[in-house]
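Read the structure below first, then the notes.
First chain written, first letter: the chains are A, B and C, and each begins at residue 1.
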Amino acid sequence: MTPGALLLLAAGALMAGIVSGPWFARSWLTFTLAGAIAGLAAALSVLFGAADWEWWSAFSLGGELVHLRLDGVSALFLALLCVVGGAGAVYAREYWSEETYPASAPRGHLWWSGLVLSMGLVLVSSNGLHFLIGWELFTVCAYFLITLDRQRREVRAAGWLYLVASHTGTVFLFAFFSTLAARTGSWDLHPMQDQAALTPLFWLALAGFGVKAGVFPLHVWLPSAHANAPSHVSAILSGVAIKMGIYGIVRFSGWLPVPAEAGGVVIGIGATSALLGIAFAFAQNDLKRLLAYCSVENIGVILIGVGGALLAVTNGDAPWGRLALAGALLHVWNHGAFKALLFFGAGSVLHATGTREMSKLGGLWRTMPWTTGLFLLGSVAVSSLPPLNGFVSEWLVYLGLFDAATSKGTAAWAAMPAAIMLAMAGAIAMASFAKAGAMIFLGSPRTRAAEQAHECGNFMRAPMLALAGVCVVIGLAPILIWPLVTRAVGSWRAVEIAPEVPAPLITLGLVHVALTILVATAAAWLWRKAHATDLRRSPTWDCGYAMPAVRMQYTSASFAGIVSGWFRWVLQPERKLRRPHGNFPAEAIRLERVPETVLERIIGPVSVAIMRGSTSVRRLQHGRLQFYILYLVVGLIGLGVLVMLGGAQ
Amino acid sequence: MNESLNFLIGLAMGLNLLALGSSRLPAVIRAMSLQGMALGLMPLLMEDHFDWRVSLVAVATVAGKGFVIPMLLRRAMRAAQIDREMEPFIGFVPSLLLGAGGTIAAVALARQLPLLPEHAGSLLVPGALASVLTGFVLLIGRAKAISQVCGYLILENGIYLFGLLLIKSTPLLVEAGILLDLTVGVFVIGIIVDRIQRAFDSLDTRKLTTLRE
Amino acid sequence: MILILDVLLHLAIWLLLAPLLPGIINKVKAWVAGRRGPPVLQLYYDLAKLWRKGVVLSTLASPGFVIGPAVGWIAVLGAAMLLPLGPAGAVLSFRGDVLLMVYLLALARFCTAWAAMETGSAFEGMGAAREVSYAVLTEAAIIAAVLSLSVQSGSTSLVAMLAPAAGAGAMLLAAGLFTVLLAENCRVPFDDPNTHLELTMIHEVMVLDHSGPPLAVILHGAAIKLLFFAVLLTEAVLPLGKLSPAAAAGVLLAGVMVVTVGVGLVESLLARLAFRRVPLLLTTAFLLCLFALLMAWKGGAE
């Protein structure tokens, strides 16, 4: 079947899913899965085929002819959307089932299919107007999914914040697309690098898509939305929805001429997002907020790669740009896979214990072995440690940066700091996930809820296993996915340069395989050796302390204390400290909480000031007719003066 | 020639960072005096042929900055019984990063400046800028009066480096005069510090704000 | 066949020689203090003894408590296999292997921290927190260092990067990498391998609850890591690639010895730093590597 037919099938199935969702849960799942599989097949057939798929229709929507296109870049994102969309649907079947949530689960089905469909529309539409329509639909669907559990106040607040932030971004996109249409005379989107007049539009696109992607100072909506949404929704938000922002940046930096400074700026934004995002993540005590801030970091990593590619464009199309872009696009995929896996894992923990606070969990490995193992796998992947997929993509980004640095041009000035910041972000990411995994799954349970946890069922486990499989396969055999990535890189800019396999990916894959085998052998060997000799179990030694208590365990905040101290200037933690006094101190308290600093310290006060300004203007509107007539007269006189002054010239 | 000059300036830059990063007053004084000695040697390296006046100034600088001033400062510390801890306003790691960033920026900036071709390859200008910046960071970021003096002296070292650019045209007498002023200044400060200590029992500049009016 | 022999040779060098280094350090320390000190081969005896002993597991520990050390050991060994051994070269060399090396060390760190957290002990939590936090700065320093080598040599493969000398920034790089070595291997002034005051330790406190074969694996891994950094430091600073194979091997051996003795001397002459001073020293190490990078960059541009 052609990609067109498959896409039609996918759209039909998803429509059927929307219609059947509220009433027939089982058929909804079938339809959504069918849609996801058909969409995946369409994306893969384009990625593995040579030709792009393009379709001009005689049918017009909003006065514009429908023009669809599926090329390497959009197919890569579409494939990810279908994988996470399908996995999330299966997961929701148990996680947000009709039995537990009779009111919201049916709604959830509808909006889920709608979200997948509208994101697909954004990816395939090649007309500015339809792109915007798809974008709006997708924003609204995501809003209703975030607020599924709308009885809770913080959920409504998070949804509202998301909606406001998204629309602030959409304002920029409206400006972007309408200016583009005005300058080119058509809403149609296609490569137009030769029109130098369009160059400044890149900044509008960067701002608009940057809000959706959640780059550092614009990320304010991201943590609360991800934390308060149901976990399968967080997974698709973090795995795919924020990638739509990346899609926009990649797409329009490829199709439009880019300013010379773009590369440096994007790398700078990326490096800042990576480092500060992960610093915030490490300081969080709420598991899902930690994951959300970690998404900010990963978006930063992706943008470093994209920035490297843009830098290369202004440096005579250097080959390291392609390498960095390949890394970035692969990281889009990888992050989608492991972050969805981690959010599913977090959902599983939340489902079992009812809390997201890491300091209330602990010791879950006993009751939830599957979740523990899969979360650990996701943690290794997200910390970009070999031999999993996260390392492969970061390795490609690093290679691009190192090559840019060795080229010794001006690009090195951007590449060297970016590489160092990427390394620091990587180290903090490792620390964050060592903390998260250890706090939740290791030690002894800190509360009753953690003690009475239970393992998740098959519907939740299967999608996690599938995503873990994706992580392992990309990690062990990156060569399998390389053609897809090069295809996407090739269709990024119209200048076709066949990207040879510059990176010895085969060797890396073999090393990963060897490493896996060695690790498994060594682990089994040591395990048997330890159990062969006499093995005794006893309480944790703890330097001979005889009565270890649950509350003596290290907590998440203390684990992060050292690094949060270094980043105190940006984290701005709130402290509550009561020191012990006297010979028999009664109670001492030390509480530390990292607020949503950018939101509470910058955007909050600024909006309050704006509100205050606007309220003072509102005083003009008081309902007295005489004054309104006075305004009219003043306005008329003002206009008259203006006209007279203008006429005098 | 240029190599060894650059080496000395590099050393001076390193000592800047050392002064920013160290938490003890004696270490800062030592860094400062070493820097002064390194700078003192530079005029000798810059002159192609032997000039007795230049060597006299060099010897005077090395003696003044390397021995006399540090000695005066140490004596003041001893006399006023100043604690050797630095008490920073700006933490050591941030000041170190500021200094390093400033040094890199100075190197980058110096490439943009329209310099004489003979100074193009040398680190004189970046070294001077970096020292001035270090001096300012120390002046702003440290609490004690003595550390302020050290900051001022490092700043002066930076200005001296700038002066080396013009060594051919500035009368050496001016240099010598500055050096003399400095020494007298530090001498006077030593006495004042002692007096303040006796009068107020503290040398913390934070507390000196109560002296206004 | 030759490949297998090569691998075996490397394995033998890394596995068998590594436990010598802590012995030499202890000998140097004893010599400075005027004591006789433990024999140079002490760690071999300890390892053999631990390997035969039984295991005591905390009741809280999951299988990860035993598997973690094994994975960490393999990761460190893998990183060592990528590092060329002077004339013997590396087991495997490809473009970008330097990053794999850095991240394998990170994997080892993740495993140690994970295993430490298994016990639910506050002491071990403290050690793990310190280990992963200080790693942020050492990782920045290491990346700056390898970036400078990469800029210097125009390559991202370790064999090519480590062959020439580090050039103008060699002294800076040596000082920076030596500090990183001390921090990564938890030596004085960052940590004191001899102390038994749990509150002040990093690495030692993380392995408090380990015993028997897993502890042996951890100790052996730590020895490999020490040798690894000593070799890396020597090769980064000295131009081994320009020497004849025999001379290169000799120089490498001498360099490793100098580094080891240096660690011993530092350990004898310096006191452990207060913890709030550690970031300052690590930042200094990072800046040293950064300036080495800038000198490499500038040196090549002219």
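Simple rule for what comes next: a contact is a pair of C-beta atoms (placed from the backbone, for glycine too) under 8 Å apart; a residue touches a chain by one contact, two chains touch by 3 or more.
Everything numeric in this text was worked out from a predicted model, so none of it was measured.
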item: Centroid comparison with subunit A (C-alpha atoms), farthest chain; value: B
item: Identifier of the chain whose CA centre is least distant from the whole-structure CA centre; value: A
item: Chain centre separation (subunit A, subunit C; CA means) in Å; value: 35
item: Centre-of-Cα separation between subunit C and subunit B, whole angstrom; value: 38
item: Centroid spacing, where centroids are CA-atom means, of subunit A and subunit B in whole angstrom; value: 50
item: Contacts with 2+ other chains: residues of subunit B; value: 93
item: For subunit C, residues contacting two or more additional chains; value: 279, 290
item: For subunit A, residues that touch 2 or more chains besides their own; value: 566
item: Touching residues (chain side subunit A, partner subunit C) in the complex; value: 362-363, 365-366, 372, 376, 380, 383-386, 391, 395, 398-399, 402-403, 405-406, 408, 412, 416, 419-420, 422-424, 426-428, 430-431, 433-435, 437-439, 441-444, 503-504, 507-508, 511, 515, 518-519, 522-523, 525-527, 529-531, 533-543, 548, 550, 552-554, 558-563, 566
item: Subunit C residues within the subunit A interface of the complex; value: 51-60, 62-64, 66-67, 69-71, 73-75, 78, 92, 94-96, 99-100, 102-104, 106-107, 109-110, 113-114, 117-126, 128-130, 132-137, 139-140, 142-144, 147, 150-151, 154-156, 198, 208-209, 212-214, 217, 279, 290, 293, 297, 300-301
item: Sites on subunit B touched by subunit C in the complex; value: 17, 21, 23, 92-93, 96-97, 100, 104, 107
item: Complex contacts: residues of subunit C adjacent to subunit B; value: 277, 279-280, 283-284, 287, 290-291, 294, 298
